[in-house]
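Data first, discussion second: the structure below is written as structure tokens.
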Amino acid sequence: MRIFVCIKQVPDSAQIRVHPVTNTIMRQGVPTIINPYDLFGLEEALRLRDRFGGVVTVLTMGPPMASESLRKALGYGADRGLLLTDRFFAGSDTLATSYALSKLIEKAAEDHGMPHIVFCGKQTIDGDTAQVGPGIAQRLGLSQLTYVSAIDEIDPDKDTITVRRRADHGVQVLTSRLPAMITMLEGSNEIRRGTQADVLRAAQAKITQWNAAGVGIEDLSLCGLRGSPTVVKRVFAPSARSEKAVMIPAGDGGSATAAALIDAIFERQPALEEDLISEAGGY
Amino acid sequence: MNKIVFDAIVVGAGPAGNSAAYTMANAGLNVLQIERGEYSGSKNVQGAILYSDALEQMIPDFREEAPLERHIVEQRIWMMDDRGHTGMHHRSDDYNEDLPNRYTIIRAQFDKWFNRQVRDAGATVLYETTVTGLIRDPRGQVIGVQTDREGEGFYANVVVLAEGVNGLVGQRSGLRSELRPEDVALAVKEMHFLPQETIESRFNITGDEGVVIEAMGTITEGMIGTAFLYTNRESISIGIGCLVSELSRVGKGSPYQLLDRLKAHPSIRGLLEGSEMKEYAAHLIPEGGYRAIPELVGDGWVCVGDAGHFVNAVHREGSNLAMTTGRLAAETIISLNKRGQACTKKALGAYRQRLEDSFVMKDMKKYKDVPRMLEKQGSTIMDTYPRLMNGAAQTWFRVDGRDKKAKENEIVKAAWRVRGLGLLGDAVKLARAWR
Amino acid sequence: MKKELPEHFRSYKHVWVFIEFEHGRIHPVALELLGEGRKLADKLGVELAGVLLGSGADALDEATRNCVAYGADLVYRVDHPVLAQYRNQPYTKVMTELVQKYQPEIMLLGATVLGRDLAGSVATTLKTGLTADCTELAIDDERSLAATRPTFGGSLLCTIHTLNYRPQMATIRPRVMAMPQPEEGREGRVISYEPDLDEQSIVTKVLSFLPDDASEASGLAFADIVVAGGMGLRSEENIQLVRKLATVLGGDWGGSRPLVQKGWIGADRQIGQTGKTIRPKLYIAAGISGAIQHRVGVEGADMIVAINTDPNAPIFDFAHLGVVADAVALLPLLTEAFRQRLLVNRLAG
């Protein structure tokens, strides 16, 4: 089976700081990681390869440094890494990103054969839009299967697939046609630990790099800032509420405090007390 | 797996491992470096001092690219009591030179950069892989390492152990004995973020200038230990450490409590005010000095950096010794490699000789008695003298109608009261240990 | 570079809300968005439309009435058997056609599983901009939609505009916008659209739908009273202190992310940016520091009460009432005091 996995290198948002005065992101020293949601697709891809044979290709668009993420993915067991990098891509929003990635996928399909599945993450932790996957599916005419919790059946020869998909109040069981774009639900699997052979191969692997022209992008106005319909006009820190919490004296920290707290709550929200009294609580 | 035999395997990607791997890869050796962290420095988020010289020996133009925070123009040494400090400040515009001698760095970034140079020099580097043991041939010669990943291990002519102070590989393999609590300090440190402008105005610095404060005194509750504060570009590194043996003996609270008290100290509080604490970490420092240095070479292995106990606690030097020992071990291996000689214990003995000839062993020997002296005199030095000094300073500086002669007498009397003749003895001991 | 609206987009008018309609019911987020859409439409002086796709006249009739009651001036109604259950391909096709035919300037969708699946493909077919997961919408002086959303894990907010394309699309998370009051008997128009769809050409088929066990699904997002615990509870057993208080108050309970990560509570109980957004009348946070990712999920509460041992905990920056106390000790007392008080009042009343 031919499987592509789109991964994105993102700043570890747990470690991002905001400059207290200028409200700008202080990126200095913030480590980058593979977008955690992408790893569920990668693991699913590796499992399918283990079952059916074939090749798992990881792809990313980003600065040259993003090749580190590809290398890391190879260390988990992926077979090949492709990087699309060009200064023209700077400032891409999701529409421009899905355009560039779909061109990279077309190029890779030319070289290595059309993929049966393209995995994307459910969403990224920096952009958090969950649009790039659907965007790629739409542009390449792939069946779109998002929020998949399990792949029940797959037949790469007949191009059929059956999946379970998380919907709002239950699970949809869907059949569809390959090629498909799939996003895996978080928690549906756990990324494996690569073997010694995997990490050694990853450390020594050559990552193929393409630029815009290389993947056949002629109209640069579809890329980067120019190709992005959305414009970020303002970035700011969440405003502090004007007044801080009214503090209830802790007193003995016991029943008196509890009573004082309840008084204060009901004093502010008399309607709440009435609601509570009229409703049968948990007695 | 096809069994490639590397010229060398380096365990660890701290300053010692990076120096060894860089030097060997640069000389054309086929080097495999294995680091357990997610990347080089990932386990080491804090600030530190970089001494240029050791790095210049390998990468003369490192200043062009390395992530350096500030070059140091001012050094403060404080003796602290509960209410304040007395100390020495040394500052000079001479330190604003073309090739500054000391920098503050953030290890996570610096180590990562250094490690990239290692890879660019041609070494193969594996991350998130922990070396779990050494592979030996029937004669006991080390021929490779096993890791926590599935596989048959990695093979090489020599293994460089650069695994840091708590090097379990060496310990488990019986190359080193377990650390003694009186030979290691436990340090806790934090990073406090502040806008660059705030740091510069608080410390009276501009541009890339930086300040270092090193302190001792009642802040360690009489235990043997020191505290430090470094200015980075937009953060402050602050930490405190005490000998592990003291922490368990004296039992005056955990290192975190010490750090909390340090941060609340009147001399420190204002420097950190309004900052956002982001990272904290604890780390061991080998402080046993010369006498604690373990066996450094064996058949198929050498030991460098903190794993070899190379830290000069008095001068707070560690990473430079790590770099230098890493480089010297590498040079030894390179010359054996070029001559086609096996890395036996005997052949690797040349590394020991290189160490003896360098400042490394000379410094280690110079201070070999300090740890013992401290073990005996610790609380006097950490508690009594700081109090005396601060008391004396107050007596001296307060203008209160008493004549100066009376003040001098009071200062001397206070000192006698506390230490008596011991005062003289302490001075002699200190001088001896220092010599 | 200056982005301007090209001539051919100038005719795009009106505000649309995609009405998420499955298994015979409207997702509440669609009604919340009608409330918000109403404000935007009034500000722009245009009409507010609900876009309703599904199958079956009766169900769609009722949903249409609801849309109007909740503020829609008109409803685009598409009734076709292929649309009976949500699938990306036919829904994308119909939505794209509707936009091209009726030309809205703003289109809002819920940031639900369905909404996110659909919004991404529709925005791509239309080649327009989409701002995901918004928390605030406004119209600026140039009649442009200013969509504000958290970024970088919630540490910052950014305001995004789609200047040179139409429609301006946005998804909004459930419970971020207030639920409007329905107005019975409100009048509205209906425009029916006949799509050209045939089941043959749809590659994805729904084999079955396995509904969630209703008893397990937590109604956290819609509860009037929520009690939540954080790492300050210290141990898994102490979760029950939170549950007990919630029970006495007839509310629901939840927790901060670390509790989920530790496996102490289920993922559907997580409150915050990557969990549920709540809008209760009363929110009691016990032993929660109030990190920004937690804060964004609870800020819509009418009243936030925080119990924390650390007087400097960030939660006191946005709580209305605070107590510096040990939550493990205070929660049982609070539970008992509430119980007493309500009992006495109930007997009296």
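The first chain written gets the first letter, and so on, giving A, B and C; residue counts start at 1 in each chain.
Methods note: contacts are C-beta pairs under 8 Å (C-beta built on N, C-alpha and C of every residue); 3 or more make two chains touch, one makes a residue touch a chain.
Note that this is a predicted model, so its numbers are computed, not measured.
**Student:** What kind of graph do the touching chains make: line, ring, star, complete, other?
**Tutor:** The chain contacts form an open line.
**Student:** When you average C-alpha coordinates per chain, which one falls nearest the overall C-alpha average? Tell me, please.
**Tutor:** A
**Student:** Could you please state the distance in Å, as a whole number, between where the Cα atoms of chain A are centred and where those of chain C are centred?
**Tutor:** Distance between chain centres, rounded to whole Å: 20 Å.
**Student:** Indicate the whole-number Å distance between the mean C-alpha point of chain A and the mean C-alpha point of chain B.
**Tutor:** One centre to the other, that is 40 Å.
**Student:** Can you work out the whole-Å distance between the CA centroids of chain B and chain C?
**Tutor:** So the centre of chain B lies 52 Å away from the centre of chain C.
**Student:** Listing for chain A: what residues touch at least two other chains?
**Tutor:** 17, in rising order.
**Student:** Which bits of chain A are touching chain B when the two form their complex?
**Tutor:** On the chain A side, the touching residues are 15, 17, 19-22, 26, 28-29, 31, 75, 193-200, 203-204.
**Student:** Can you tell me which positions in chain C touch chain A when the two form their complex?
**Tutor:** Per the touch definition, chain C meets chain A at residues 1, 3, 22-23, 27, 85-89, 92, 112-114, 116-117, 119-121, 123-125, 127-133, 146, 150-165, 203-212, 217, 224, 247-250, 267, 281-282, 292, 295-296, 302-306, 311, 315-326, 329-330, 333-334, 336-339, 341-343, 345-346, 349.
**Student:** Under the definition above, what is the set of chain B residues touching chain A in their complex?
**Tutor:** 1, 32, 38-39, 42, 106, 108-109, 124-129, 147, 149-154, 193, 195, 197, 233-234, 274, 276, 278
**Student:** Report the residues of chain A in contact with chain C in the complex, numbered from low to high.
**Tutor:** 11, 13-14, 16-18, 23, 25, 93-95, 98, 123, 125-126, 128-135, 137-139, 143-147, 162, 166-177, 187, 225-226, 228-238, 240-241, 244-248, 250, 253-255, 257-259, 261-262, 264-265, 268-269, 272-273, 275-283
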